[in-house]
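As written, the chains take the letters A, B and C, and residue 1 is the first residue of each chain.
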Amino acid sequence: MVDLPDDLEPVEESLFEAPPMGEQERMVEAILFASAEPVTVAELNARMPHGAEAAVALENLQKRYEGRGVELRKVGEAWAMRTASDLGFLMQKETVETRKLSRAAIETLAIVAYHQPVTRAEIEEIRGVSVSRGTVDQLLELEWIRFGRRRMTPGRPVTYVVTQDFLDHFGLESARDLPGLKELRAAGLLDSRPPPGMVGLGDGEDEADDSQDQDELFREEDTDE
Amino acid sequence: MVDLPDDLEPVEESLFEAPPMGEQERMVEAILFASAEPVTVAELNARMPHGAEAAVALENLQKRYEGRGVELRKVGEAWAMRTASDLGFLMQKETVETRKLSRAAIETLAIVAYHQPVTRAEIEEIRGVSVSRGTVDQLLELEWIRFGRRRMTPGRPVTYVVTQDFLDHFGLESARDLPGLKELRAAGLLDSRPPPGMVGLGDGEDEADDSQDQDELFREEDTDE
Amino acid sequence: MAEDGATGFGDVSDRLAAEALIVDVDGFEGPLDLLLTLGRTQKVDLRKVSILQLAEQYLAFVEKAKQLRIELAADYLVMAAWLAFLKSKLLLPPDPSEEGPSGEELAAHLAFQLERLSAMRDVAAKLMARDQMGRDFFARGIPESVERVRRVTYTATLMDLMKAYARTRTKDEFRPYIMDRENLFTMEQALDRLRGLIGYAGEWTNLMTYLPEGWENDPVRRRSATAATFAASLELVKHGHLTIRQEDTFAPIQIKLKEVPRG
């Protein structure tokens, strides 16, 4: 009761020694940091020791944080600390999720690797089911396959070949290092025989074209044959 | 801590221009400020641009925050911003009602902290009474203790160790900073001393294994800091 | 405790003493806790506590509890028995022929246990007296959520690739290694079929009428079915179920159920 009049007098002469301004800054800093919501000046004053001047402390603090990674921001009538707006990108955390390739994708990939250059129609013929656009797109996106030359057959279909990324991922120096390729070939499994009624696959000038492509990747096999 | 910068030194000459140190400090400040949980140096580096040296930036930042209302603190392998303890009185509003721990729970917690990794049987041996399931469950639920490695003794009992949350809650940089730890160790009160006449229990190679465990736990902090 | 003060004066003090003891026993977390408290009453460093004196104090405590017919938990009694044993070991001159730890060793270990428990209680108190988060210091009040940017990478191993390839190739090239049974009518199948049908064949019937449905026209299938049915009919003749005849070379083969005398 008796203190009240003192309140109105200049703070310096009050009975209550207000904490030094540096201390008040610390207090404002701590309160703003820990509060779950923005804090008004009135609330700051209420929570700080008698005689403190939150508004002044806030101003000082704001200067102190200028250009730092954290900013003092006014939110309506209240104050809050937030990360500097130019550093918002740091509030992202990239998580890399590793997934297994789908069965369709791995089969398609295997066929491209063993039969490159290979057209979609050929992949479908080998797999016995149609190959969805998504599957091929996924492999292209992964940069494990890329477009090869067009086949010189009617419709000039695009072909697919495997990429350097593919070789890197599977730890292969070249596609001819694919394990078991020779064994499979010896067993006649890589004999890409056209089904009855389908001619022109790997014939004539296309053959020359293809084998050129294939040469790069399958030279060893070619000479073996 | 000290090793990391060395590791990253050559980066400066790499193709990726690391941001200037002042900028890195801002980034570390922003990330730590925004997070309620401690953040490891590895995560800081992962979130900052390529070539950044969070460990160095952290050191600079820690100096900058010395004596402020908010402090940079090391918690195990991670860093966190926490309000200065002397300002706790300002935070009544924020104070979370902490669950009152029973005497059994407090003692069990202390035994885990000072004797880790420790088995339930060892806790019971030290306390002289059986430890109720609820006591351990409560500490596990608070995430102040967690399961450590199994002990290589018959029955392969699980062990308990304290967590980063525990360190964070009690403002400890590492388990080595537990109050009175050195004195207890010097007095031999942390030795696992089997009762006389009891042979083969916690003896020989198991003993070696245990002390290795403990060594590791405490060493981890040593080297990584 | 005061609410039932209506009973006589004489036994009130006894009852209060008894109750005090109950409260005391309940207040201890087991014998070791009780021993620690008793040890502290010796007002010496726990390392210098007289285990002999401690054992006597404990035994006296248990004795008193028994007199007052207070139920003591088993572990209190086990401890009492052990302490009595320890006491005798400490008092009697050591028997050189006896194996096992000496009284001094056992006493030293008990002293160690007491000191350790006491030390753990001290540090537990120190730990709880530390500045605690949420009470003395605080974490960020408005944590900014870290947006998770999920990037999916796909992986496959060389083995996956090989298996996938083998799988696609197994669909056709590998099949010839398995017998293609699509156009094959086995003798077993023919036997089953004939056995089911001959019951109705009371008269001579052309063997060819027993060919399964759908096998009569395709030359490959008809050949297979004919051969199997013929072989099966011979088998049934051999077992005496059928008679078989052919009137001329290349004439139709006829079969008939053989009359079997009953019994």
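Of note:
In the analysis below, a residue touches a chain if its C-beta (ideal position, glycine included) is under 8 Å from a C-beta of that chain, and two chains touch if they have at least 3 such contacts.
As the structure is a computational prediction, the values presented were derived from the model and not from experiment.
Set against the C-alpha centre of subunit A, every other chain centre is closer than that of C. Distance from each chain's C-alpha mean to the overall C-alpha mean is smallest for B.
In terms of their C-alpha centroids, the spacing between subunit A and subunit B amounts to 31 Å. With centres defined as mean CA coordinates, subunit C is found 41 Å away from subunit A.
Under the contact definition stated at the top, the residues of subunit A that touch 2 or more other chains are 30, 33-36, 83, 91-94. Those residues of subunit C in touch with two or more other chains are numbered 138-141, 144, 146. Interface of subunit A with subunit B (complex): residues 25-31, 33-36, 47-48, 67-70, 81, 83-84, 87, 90-94. Residue ranges on subunit C touching subunit A, taken from their complex, read 138-142, 144-158, 160-162, 164-165, 167-169, 171-174. On the side of subunit B, the complex with subunit C involves touching residues 33-37, 71, 80-85, 87-88, 91, 94-96, 98, 101, 103-104, 106-107, 109-111, 113-114, 126-129, 168-172, 178-181, 184, 187, 189, 193, 195-197. Those residues of subunit C lying in contact with subunit B across their complex are 29-33, 75, 100-101, 105-106, 108-109, 112-113, 115-117, 119-124, 126-128, 130-141, 143-144, 146.
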